[in-house]
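Before I ask anything, here is the structure I am working with.
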């Protein structure tokens, strides 16, 4: 009998766990569908919505309940998590979702990467409607979403953080409280700006070292045990072969796409403009990535900047 | 009796160790005098030369033998180490030192930070004169020199590397073989270019994070456990107070001076020009440091760039 | 008799010209009050509004009629011109001004410098309300406003351009048709981005030339008759003394403020992000100006960048 | 009879003009052979030297006397002009040319583009040998060399300037006295750094304008009559078609090669490092051109940077 229980379909498991928490999931793209699948696998009851009916159908076969609009979905969910592509879609989705009321005990979580001002606006309208909202963007990419090892950066009150922590652990390994509303987004944007700077810096440093006659492997060991080290040099070194399982060693396939880091640099640029903050290296990194992307490398891992910078000729 | 031996003056120790290796030390500045002192303390016989007679006198009281010129000094030494300020002085010093011949078994070591082409030129003339030469610039700063914890980056043959390793361990903790002549300098210059990029990037990232409302301590923990981390964010974070014993927490006193990293960026710029290598962030970092130095901050730790970049006003 | 007519006060001129065109002017700041004054002096009937009652009172003494809100002002005017500080205020002002209807023959002109998307939004809501709108930002600064020598860059249909041309000539010397809605703003933002690049470039070039030993006057003549010339080197050279009547020769007072060009660079950054356009020098110029402004030079002519870049020390 | 004189071959003209000035020409490349030909056509007696015997032969057929080494050439010439590729070749050529003495009345002119320190060194050794030297680099490119419309930037005493002026007018239209030794080179390097900044700035501005919807022709007229104008926007606008006879309208063929402006930016970088001068936009321009050249566009007119920066895709 126990043997048969292991073979229960998700749908049946769902029906069995009558006390399970119900989560609404809006946005079932590359990241979202993997995150949603993890929640189902951990026993949550899933309500889902996406503009693509294919994406919805795929989740339905895993046991999720598909909704035709976000308003109904939200009213049937204790948590609602949104995973959407940009500022405008996040804003519109929330305006639509709450427009004819919300359950006051629903906690909305936006895991999209957007401008903190969008988070602040959404928090305001959700709160005015009577419910709660936190921003909780992620790092870790598609692999992190697949393996439930994402990091969530949460912006909200301590109380809200405590409420979402357990639920987010269904999709991630590390749940960080970054501060009040918008501070999750702020932390992610700032971290990724620094990441872009480190990556381009490492690419030009490695290229210069090689051009001067240093062996890339030898030099990489030196820099990694010295003051020039960073995540980019240690974990995802842009020179193919130095980190054998990282994207640069697989022709820059997989990983964190150049298009996405360029988007994040655009957000950094916006908030820097708004706060009058000088980001000379951040801004230059943004435009170097733009030049690179204009040459058609947007879908490669962002370490492909090494290939763009290096010079083979005299 | 053993007790009294511990209290022997260096001078007396020197007299006792009749079989000690003799080292010639040229250049007794902030770094050189500390390195030379460590060699004496470890039992080496020291021959010294400096343009400053005060610097020579100070070493004499510690037991060193002072020479009036480098030619005689070199002829009486098994190793000669030079620690000098720039390309021109290194070139002139070696031309002068070897002009009327050398002992073929003397091994010359240049620990100055200079253009690898200078190292190659000096190696050529030393070799033509019949002796050996390696470049071996250091990292670790005045504290590393004081505590004999420097890192030496050695450029030369494996044989030469093996010969100098033990001797350099009298002044440092880590002796790395970087490749052939000039590769020690190449490694140092590349590492320090990346370091400058990381430091400016960290400074603008921290400032932006704070301007957006993040708590610096909270954000620093996030970045240090994420992909934005680097030596600059972890060990010498430019925001005062985050690394309590680092220079930024002491008004940027001590540490690695902005003037010195600007010099290293100048060397990086030269070798990048020579090898036609693009270093967009490296070059921009060079000129940001130059703008900063023109405002009079050259003697502060290079993390003072945070103070230059941050904006207090609206 | 003719002699006496020349001495007519503006107020009297206004009463005389019973068939004069009525213009509504919203925003009576440094630029606006001078532009409005020129219109009065040329015989237009002026309706004015500003949040500052002092600014309104000053125009009243010159013969303008003061309104307490923009809705009434717009309904009593054939043309309405707005001269306001930023995106948000322009958006809010138009939403308020047209909310209870407009005269279909009123033509609205926004001379503020804002994002072309704001112009497009405003044009849409004005058109939906039944009237017409063009964007028409200016160049020429406070002196151009004072002397009615501004350049207007107009975005709208040819028909609309022809309608506003004569009226704008009351305040400017050159009225350019740049294209459809938003293209006036686009032209201004692009021109000013290039201007910032030219100015910083000229400042660093002049400083380098002087540091190398060139006489600034001699070198300026060379560059101005060669391929390095630009408006910045010819008309407003940032080295004091080269253009005796320009702001750099008066301690950088007057002229085009660094704060304003920084604002324009922020708009360029936004539209570049939106269109995925690489602007490496434009973005760097933005952040150089930001660093400079953080040091307190925002109110000086933007050529003061020379003072920020030059190095006096060794 | 007069008719026939007009048809005299250069060779015959040379024989006839027994009192003609003799000029030694060293370096008969793309620029040099055209400049030398102009001198012959104007009646000068030409002594020539080049490492390529083909280049020498070509000049011989035009009436020049070919020398096998520069020492003899210099001794038989009243003026010696050198047109060589780089610092090292200029230095070596002069060391070789004067090593067994010079005529004290020979005036040496270096028209190569090199570091002003090279000019200062060469002037010193030529003077020590008893003769005179000026640096006189040119602008105007291959077309200017062909048509004798070059600009010469002369560094030397007023007396020396007056002596070379007439002779240089045989190859150029404008002969400028820039200051003492090296100042001709300094002026050229600074002008060309500004030119590179203007060109990249214009390229990114034009691309942004077009991406925003502006018509390139309309916008170009606006910028050229406004504060964003420069030589790059007016004479060699990088957008194909705007200057119909300029290289951008001929697929960037001809003109001033990207490789050469990159070389000049390298010289600017060196002198900026030496004088501690901040050149943030100049340095970034250098590295943008380097990235472009690494992609194989070095032989195109430097305006091809537009093609590198523009984005066609979303």
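As written, the chains take the letters A, B, C and D, and residue 1 is the first residue of each chain.
We adopt the following convention: a residue touches a chain if its C-beta (ideal position, glycine included) is under 8 Å from a C-beta of that chain, and two chains touch if they have at least 3 such contacts.
None of these values were measured; they are calculated from a predicted model.
Undergrad: Higher C-beta contact count, B-D or A-D?
TA: Counting C-beta pairs in contact for B-D and A-D gives the edge to B-D.
Undergrad: Examine where the copies chain C and chain D touch and state whether the two sides share over half of their residue numbers (same) or under half (different).
TA: same
Undergrad: Chain B to chain D: how many Å between their CA centres?
TA: 42
Undergrad: Roughly how many whole angstrom separate the Cα centroids of chain A and chain D?
TA: Each chain reduced to its C-alpha mean, chain A and chain D end up 54 Å apart.
Undergrad: Listing for chain C: what residues touch at least two other chains?
TA: Each of 276-280, 284, 288, 290-291, 293-294, 309, 311, 313 in chain C touches at least two other chains.
Undergrad: Taking touching chains as linked, do they make an open path (line), a single closed cycle (ring), a hub with spokes (star), an all-linked set (complete), or other?
TA: Its topology is that of a complete graph.
Undergrad: Which residues of chain A touch chain D in their complex?
TA: Within the complex, chain A touches chain D at residues 280, 284, 290-291, 293-294, 296, 308-313.
Undergrad: Taking the touch rule as given, give the residues of chain A at its contact with chain C in the complex, in rising order.
TA: Per the touch definition, chain A meets chain C at residues 262, 266, 269-270, 273, 276-280, 283-284, 286-288, 290-291, 293-294.
Undergrad: So in the complex, which bits of chain D are touching chain C?
TA: Its residues touching chain C are 116, 139, 151, 153, 174, 176-180, 182-183, 186-187, 189-195, 197-198, 200-202, 204-205, 207-209, 211-215, 218-219, 222-223, 225-233, 235, 268, 271-272, 275-282, 284-285, 288, 309, 311, 313-314.
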